[in-house]
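Across the two complexes that follow, chain A remains constant while its partner is chain B and subsequently chain C.
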Partner chain A sequence: MGGYLARRLAASAVTAFVASIAVFLIVRAVPGDVVAQMLGQVSDPQAAASLRGFLGLDQPVWIQYGRWISAVFSGDLGTSWTGGRPVGPAVFDAFLVTLEIGLLTLALATIVGVPLGIVSGIYEGRWPDNLIQIFNLLGLAAPVFWTGLMLLVAVSSFAGWSPPLIYASPAESLWDNLSILMLPILSLGLLQAAAYSQFVRQNVVTSLNQDYVRTARAKGVTIRILFFTHILKNILIPLITFMGLVLVQILGGVVIVETLFSIPGLGRLLISAIETRDYPMLQGALLVVVVTAMAVNLIIDLLYSVIDPRVRLS
Partner chain B sequence: MSVGVQPSHPRRRRWRGAAQALAAAIALTIAALPARAATADLYGPKAADAVKGGTLTFGSLVEPPGLDPYHQAADGRIRFTVLMYQGLFYESETGQAVPLLATGYEVSPDGLVYTIKLRDGVKFHTGQPMTAKDVAYSYNYLRDPKNGSPGAGDLTLIQSIDAIDDATVRITLSKPNGALPMTLGNKYGGVVPAGYFDAADAKQAFNTKSVGTGPFKLAEFKPNSHLALVKNDAYWEAGAPYLDRINILFIPNSASMIVALRNKRVDLALLTRPQDIQQVVKAPGLVMERWPSLNQKALDLGSELSPLGDPRVRQAIALSIDKDEIMRAAVGGYGKVIGTMVPAMQDAWGAPLDQLANQKVDIEKAKKLLADAGHSDLKLTLTTINGYDWMDPAAVTMKQQLAKAGIDLNIQRVDLGVWIKNFQSKQMGFTFNDWATQPDPHLLYYRHFHKAPEGADFRNWNNAEASALLDKGLGETDQAKRKAIYVDFQKILAESVPTVMLFSADHVSVRNENVMNYTQHPTGWFFGLARAYIKK
Partner chain C sequence: MSPISSPLTPAMAPRETSGLVKFARRLKREPGLLCGLAVMALLLVIVVAPGLFTAQSPYTISIDDALQPPSDAHLFGTDDTGRDVFARVIYGARVTLLICAGSLLIAALIGGLVGALSGFFGGWVDQILGRIVDVVLSFPPIILGVIITGVLGPATSNLILALSIIHIPMFFRIARSGALGEAGKTYVEAARCVGLNEITVLYRHVLRNVLPLVLVQYMVLFPLVLQIQAALGFLGLGVQPPTPDWGAILQQGKDTILLAPWISLFPGIAVLITAFALMLTGRALQRSSDRR
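Moving on, here comes the complex of A and B:
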């Protein structure tokens, strides 16, 4: 286990390094001249040249990268070009907000999606299954921005309420925090719950058709006992794998809900950094996204061995 | 004025279209005095019965990238920092520079030396009194190219700025510049305490603490969330401002903005898309108002692109375009067709529309000009910019209009970054443009239309006669003479067509009916918040 972990961490470091080069180059591949954009339409060529020098953009790309990555290794993600604030703390604050949305969405999706999928699988082809399938279809077909917008408009028109617009952290006010995050989590969570439900249903149906299940049923084991002692254990591994995928998908979805609901998370930070071509901020935020995705994968892999002793991490 | 609610306040009727000259004349006899007096007021009209106190929640679709008035060029920054930082002059709504931190000035007979008297009793947000030393320091910092301010380019004619005594500064120019007072306005810089930039973190500190002289102080700035301003209790103007606090919420999505307005989470916001405006026009408790702007939506014709180098082709294009139809398609009627001047400055600086060439549709003449130029079956590609909503319907409408003159229009969309690069390298070709100005004709025209190297001449117009007039206008300080020069310039602009100024979109504000006395400045900057109050 210890050796496995060390090897995985080393491999992750290499991946992160390669990813950092990709992130650095992708950011620079966004069309448009950052200096022109910062100075506006009628900028003075002299001012543009001096700003280019100040930002280090007059240096070759590999030197720019070297400077950036060596600063990253010493724990400094740089300073935002547009706002002048340090990137590290800004990305960290935004990350915490997004993490909260991600985990709560995952919890909602799991709590709603897994039971629905199990019921649907057990009652395959009968009315509870049909009803749940309709929910799944709607959840999967509706894009997040549409669900979010509809929820916002519906709540606003029928209840005359809309979420507060100044973000409050759970430490500042748990109530405000939850009322701000409720609609975004619902709109993201419904989609993921549908995906979950569909996935679990498929696994339950497959398990129910396995030989060992048929044998057990023939010997008189009730479906309830069979389900909790055998089937659930067997679908746990794919379920955990799926959970990792969902979490990474949520990281993508927050870009939309955070913009829609004015939440200062990583998604919104990324969007505004792209719009203003704020390279240091964009690089920092993307790097955090990449590292988070890798960390999620690593944790999932480690969980396998906890759940299923047959999986040897070596 | 075609769609939506009619303006309710006399000042908001200041549209200067020829068709409304009569209405304006009547208004002048009935309500001109208060309206005229109001325009001379700093920041908007004062309210005698204003309620003091309270918090106003302002919704902004645009977010300032930072609050540094010296180095941050984004318009999203300027809109808010004008409430915290002040220059020597205020950009009046009609296009005059009105003394702000100055009280008045004298110009030497050769037009080279400006002696400016400063307002007494002005204190910085830090508590220390403002003196001429601070003024000289601030503008010297701003104009020094080493300091990297995008505002430095406007001040290159300044040779020196000196403090004569505590209440007087002297500005010496290398060449006369009639637009000098306007460049000492509120767009860049603003007076800060002398030595402010000595601190290593000075630029960043603008985001946490304000050090200006304006009516509001910075309370908190949280990027991607909100900006909070509080009343400056030591503000030099007695009784102002009225509000205790302004919470500015950054709401990047207009659907959320509309919901927030309807649910009274937001008291006041500016909307830009006609479809959004129409959603709140009839909402109970909300009031929509329209204001003239300094913005122009234009069609640019870069002479580097064959055959646009031929003036006959450019004239033919101008003669094929029905600006009013394009305006209605593009902004649902929430705008004003223009000739060669933006609406807010039309009165003070604009040439009368009936004196300008190529303003009315004349397809036969257009066809003849194209035939004479040997381009009867002309094919052109129009560039539009991603994210500028008005350009798509405008492009489609224009395609139909140009087809009547036998011009086949192809439309291509590009990203803003790509467009700016083309624009600055003077390869703009045939494109829509969307830009605004400070309210002075020199600042509006010179850089865009003066031939290189003095101007940037983005459209490769290279017109010597027009450039000579722009030089003459720059050197003139007398208002009436200046106007005559710029009217002559505009006639050439309309005749030779390096650009077709199509229309100007109104600023459209939507407010809770309890928000009183808010006026929208034509720049789009939020000066008016210093005069707004909340009715109890």
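Moving on, here comes the complex of A and C:
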């Protein structure tokens, strides 16, 4: 286990390092001069030079990168260029909001998707399966922001209710917090539930067709016992892997629903940092997104190897 | 004619069935595939000749007709400048679908070819390419799209660039593993022993076997690229107004969503139906390729 852990950690560290360079370079691929944009109409070369010096932009790119990454290692993500707020705490606050949406979405998707997939797999080819499969395809085909918009229209015109306009943290008011997060979580969760259900169905069908399951059935084992003793155990491992995939997908989807519903999470932070050309904020937020996605994958891989030791050998 | 009659009587001889008949039988067996192909055929006609479906222009502004609900004159209603939403959705199909198809084609060509070469030749180049692909895949696709189009500026060329970059690694992986599997097979070894050079083996055996994998992947990824394209359009990072594009129409309808939900409703349904049809077809294709 130790060797496997070390190997996986090393591989992730290399990927994270290259990703951090990629993040840094992407941000600097902005066409045009950022300093000129910041100064606007006033084109005073001296002011531009001193601002460039102040922001460290007069240095070669690799020195800028070196400064940034060494500060990151000491826990300092820099200072925002707009508003002068430290990037670290800003990104952390936004991360907590996104994390809440992500975990609640994952919970909703699991609770809805897994049972649907199991039912669908057991009734393969019959009407419950067909019905659930149509749900799956519709859920996967619907654009997440469109589902969100339509849910908003539906609740406001049919129930006369609309979510609060100003975000409230769970500490301020749990009720307001949940009412503002309800629609984004529902629209993201529906999509991921469909993905879950599709995946679980496939696995149930595969395990039902295994020889030993057929033998057990022929011996007269009831489907219920069969399900709990054989099938559930077999779908658990792929399910955990899939959970990681879903979490990373949710991380992407939140960018859209956060923008749509004006929720101050990582996604909206990224978009506003792009709009204002706020390099340090953009780098910090992007780095946190990538590292989170990688950490999820790493944890899933490790969990997988704990459950199924054969993985470590390959 | 040989005097000895064939051991097979005509009744026992395998009946020749043409490919078309086989295909028709398959469509009858799989209503999902039939449905998917029918919608895709309709979309193709819309893309080629949108004028057949609507006489109205997607650009004509008429402030007096702003925010009209769906009616006989405007099937899908009008937007905030009085443009006909039906015409915008119909003409938007061409813009949206061509951008998706084109970006995915670029990704398939680059990712497929580089992946096949990387898997076939292996070595340190393969190692480095694999690492780069890992890095690109460590970004959630939509976030990568937002960053590229956001940083480079919203323009159709940047949108195509972003969509291609997102999907290259996915084609790379499938082509690489296909080529790797094929390169280890006995017949490839035999071809080498016979004295065929590497290029011939690569072209005649490996690439030909990787191509179907890439084609299936193209179909499977199409709904995904459509969703990402629409999402970027919705965020204002895709096709710019006044060009009709499904995601862009959705974005324009966002501000008046409670007043005029039809502006956003119909382009969303267009994305939904298209993705649905593509998924039905892609799944049928994948099933037959798995059976092979």
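The criterion applied here is as follows: the second predicted complex is superposed on the first by the 283 of 314 C-alpha atoms of A that agree within 3 Å, B and C clash if a C-alpha of one lies under 4 Å from a C-alpha of the other, contacts with A are read in each partner's own complex, and residues count from 1 in each chain.
What we mean here is this: a contact is a pair of C-beta atoms (placed from the backbone, for glycine too) under 8 Å apart; a residue touches a chain by one contact, two chains touch by 3 or more.
The model shown is predicted, which means the values in this text are computed figures rather than measured ones.
Touch criterion not met for A:7: it reaches neither chain B nor chain C.
Using the contact criterion defined above for the overlaid structures, shared-chain residue A:259 touches chain B and also reaches chain C.
Looking at the shared chain after the overlay, A:269 reaches chain B, while chain C stays out of its contact range. In the superposition on chain A, contact of A:233 is made with neither chain B nor chain C. Of the two partner chains, chain C is the only one touched by A:286; chain B is not. Of the two partner chains placed by superposition, only chain C is touched by A:249; chain B is not. Once the two complexes are overlaid on the shared chain, A:152 sits against chain B and chain C alike. In the superposition on chain A, contact of A:161 is made with chain B only, not with chain C. Chain A residues in contact with chain B (one complex) as well as with chain C (other complex) are 30-31, 149, 152-153, 156, 259-260, 271.
On chain B, the positions that touch chain A within their shared complex are 57, 59, 63, 65-66, 68, 72-75, 145-146, 148-150, 152-153, 203-204, 206-207, 222-226, 247, 249-253, 255-256, 259-260, 262-263, 265-266, 415-418, 420-421, 423-424, 435, 447-448, 456. Residues 30-34, 36-44, 46-47, 50-51, 54, 79-80, 82-85, 90, 94, 149, 152-153, 156, 160-162, 164-167, 259-262, 264, 268-269, 271-272, 276-278 of chain A are the ones touching chain B in the complex.
On the chain A side of its complex with chain C, the touching residues are 14-16, 18-19, 22, 26-27, 29-31, 137-138, 140-146, 149-150, 152-153, 156-157, 248-249, 251-253, 255-256, 259-260, 267, 270-271, 274-275, 286, 289-290, 293-294, 297.
Residues 131-132, 134-135, 138-143, 146-148, 150-153, 223, 227, 230-231, 234-235, 250, 254, 257-258, 261, 264-265, 268, 271-273, 275-276, 279-280 of chain C are the ones touching chain A in the complex.
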